[in-house]
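The chains carry the letters A, B, C and D, assigned in the order they are written, with residues numbered from 1 in each.
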């Protein structure tokens, strides 16, 4: 392989595909060779995403027309279910960074329950590494298939895994009240996502049934060493990007807010993309816009023995394309921060 | 008193004052005689709020210049602390609907703790009726001083008081995760409230310390018949109006989601402004924009024995000026819905 | 006819239909008997527009199922082209207030050129009254078919017709730079109307080709007494409602800014819904949100002999449903302001 | 000088200062040594701008405390009037990139008329190079003081200068209808800039009197070779960033839309930051968000002999900090695109 990895982006007409391309354009070691889009094949990127119209990207083609010999790695930004069929058919030399939900759940029964159909590529699922980068580096270095975490699961897992592993919080009674910008819903044409309808609207949805729940529980259970069950309520915020999770936990006897903050602070002390804020101010999504960062803060609950943890990310970055690039950087042995150095765009 | 009550609005240059005036203009029984504004005295309303510039409202004067003999009732839209001094000095014949926090807390010690100073009008505080209309009609009919509830406390109290009174939910462990539009912060000139900074930002603030907490706990404790302590986390949403509370509760043994929904449904069956939604869809703030309504929905938590309740209001309406007008309607014996019949403005 | 007119709203699942229903609910003389929606027939209004879910409105039915004997007037909120077929088939006793573009253009050739097809109901088109209310009252009192003006044409016509009629401005060289909120695009599912894409985007579109151009020119030509040709550039603003037109005109020799202001001021002195602002401040859309008003201000251009006129409306109100109700009020002899008394919703 | 230029940012607590710092952090040849802020001296950057809180920037100090021996170049992001006093006092070895309005106007009388006071540093004003980079490279290479153009003047000058120089358009009758996001107003605490008030409001302001007018006219006159007078109307858009100018021009006899497009296309063919769009679609601000680009499109007016030109920039980038960095790159002989390679952030 050359210093520059030759990549293909499968599914370039959605938000995660476009964001992956934006990052690839600013990445010193990535060279975008091919972009696919089923319905839009034949168009130029600028027809689908005007902001990428002048970047010299290749035109959109069908997956079947990609000469994969010419490619080292693919970012797979396709819908779930479709994805497993596509990945199964890819040549074995490719590194595959998959942004769909298809390879995230280890337990086939959990997958089937969440997605209403049996998994169609169980061997690949078994092989896939769950790419929550800060908690998966060793495995990432040895895999060719990465399941990039979902947007909602990323913040809560980064915040809670070290605390559960350290036995600092109880593993039952965890409540995650999550709020996401509209780009988290993808480029889907639904009335409630129109600006005219959403601009002055704030709403919750899929209470207790969101498909990201088993993914969160899988990660937390692994950290806790026993099954963890959470309450999870997503909300839609009238903004484009940003995802904030307000997490309610019970401290184990002997632990207090300061302990939780310290555990997290030490765990992530050397991490380039995770910051534990200790000045008492809860992070806002504007601090991470356009960046691959997760900011976590720990607050005292008024109820003795409880704490409130806030975690923010940019849902398209650390919640999708940013983490995908971070994962590929690890897989290919690049500097993990390559192409991900942006400071937040504010105001 | 004539069929039209003659009113004065004290503090017409803030959002609650302006909203009260907007409602008074559409109210068949209210006649705005005087509007005060300390700093802006001498100006016309249109100088302070252009949208009211053509409504034929009186110019702004100082409180000292109001001929109160000419007035039947006042809406007091002044800052807390100032309010108690002003109300103390008002003539006794006036009905006073106070939108500040000054007369909401029954316990002087709680007030002093929350506001950092002793209360300056304890007799008035004792006399004041807490105007959560649906739960205070009898008292409202006999009082001359109403403390209009705060924006955050309104939804959770409407949702939880019947459930606590019916012993359907546990009175400990209640978590209120609240999200408010920016008008809830008032017309205060702070950088983080500028559109340029807030538009793509979602953030929490005052975690565990917000001054509305004792007010919520006072109302819930009254309903429960014993002290209730809640966890309360407010968030700021990049929108103008709207307030959604996501409330996590534990059911008492023998109660389930359906029971909670039924208790609320029956309790509010005949209420014009409270609706319990039973179609499984969680309400959004766009459904109540510009109205005096509170919409409540009850959802199953994934954790057995728990439920999630969503309550939405327009923070300037049922959360402030709307409820203030509703209270005055009761106090003066008008039709309770007079001036409050608006359908939500959407999109 | 009873004091209450029995109405049907044809096309209740779009924004103009919903807004007409919102107004009808607050109208003392209108009684909504039937609502139609082709694709959504069988649903309740609350399924299509949650904010109307609790208003006691009839369920959606197909047009063919409306018992028109039971109806006095219809608001027709259907797509253009479809409309003319539907209106042709309606019983003759009905008053028809049509919010589509189908009956606005008097000249069949102009219609055909703009809409790419011959008109299918030329007799009705000849009979229809163009319902720019302030300029059409006499005709409205004697018609049964009203073509409600488009959103873009309303403000510029209100601002320019009196000036052209008074020979105060030149009839060539008029430039209209218009900016509309996203609800003006209707409830159409297009990617660029998604909140995620539009929120931080401002863009122009259809430069020089928008179908509202012939409608504007028809009205201005009528006032000028000779053909007027304008330059018209629409823009899409990241907000839900509101439409502002910045209009560049040349004064006739002998006229100056003050003259234009005076002509407009006198022309509209007694109008309840048109206000000429004379304090030098240009109106903003927030001053008319939710109202049926048009605010006009006249400003000096730096170029001698030129002036700049700003006109704002709420595109769904005076730009659609509000003017439709105003028209019906005139047609049926009701108080022209009935149901339209709202003060702007701000903030 | 080392490969890295050591810079100071004077005025780090406003939007242009913050944006300059954001760019400097991603610039391979800039090393931020000092940041000043008068009122906020003593604070850390993260106290003033949380999104810069973790970037390792120096704390804020007073200008008097900057050891300028340690500095090669300063970005001056101070208010006008203050700026000229500060710059006068700076050591002579410094390259000064000034983002204020103080050194933009060549004619002292024009400055005095626009700013209501005589200029206090006329020698510096004479020396300053107006840094519209694409039109000023030779002068930039030889100066030590650059006046970075204002946000509104940048797009129209880039669009019109080549056309005036080529005698393709008339130099009278130019109308610039400009629309800016709220960050263009700076971090000023004004009620109409609060999200609650601006979110659903679109408004024009300072019609015919904006201080950017003489700056625009200076640049256009220079290109035309004779005095050009324009009509300029700014508007405030409810978005954070982005500035779109809709420009109405008359073609010289013999020129048509295609000629204008061709002249601009050829003029900017090799420019990295200026793109002439030729697909008939007018550019939107979302295509340039976070980038240093200007996109221009030329459209036919319906009036024969006229054309409409649209130019978009990010007001904080090509309209302020981005162009400032581009200017410094030229002054110091760096790659002109260094630190400015970002692709637009969308959605």
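Miscellaneous remarks
Heads up, the rule we're going with is that a contact is a pair of C-beta atoms (placed from the backbone, for glycine too) under 8 Å apart; a residue touches a chain by one contact, two chains touch by 3 or more.
Computed from a predicted model, the values in this text were never measured in an experiment.
In summary, the pair chain A and chain B forms a contact in which both copies contribute largely the same residue numbers, shared numbers making up over half of all those used. Centroid distances from chain B, each centroid being the mean of CA atoms, peak for D. Here the CA centre of chain A is 46 Å from the CA centre of chain C. A straight line joining the Cα centres of chain A and chain B is 39 Å long.
Chain A and chain D have centres, each the mean of its CA atoms, that are 36 Å apart.
Residue positions 15, 181, 183, 194, 196-200, 238-241, 283-284, 286, 289, 346-347 of chain C each touch two or more of the other chains.
For chain D in complex with chain B, the touching residues are 15, 181-183, 185, 187, 189-191, 193-200, 238-241. Interface residues of chain C facing chain B in the complex, by the touch rule stated above, are 15, 18, 22, 25-26, 49-55, 183, 199-200, 240-241, 275, 281, 283-284, 286-290, 316, 341-347. Chain B contributes residues 172-173, 175, 177, 179, 181, 194, 196-205, 207-208, 213, 229-233, 235, 237-242, 244, 246, 248, 282-286, 289, 299-303, 306, 308, 310, 346-347 to its touches with chain A in the complex.
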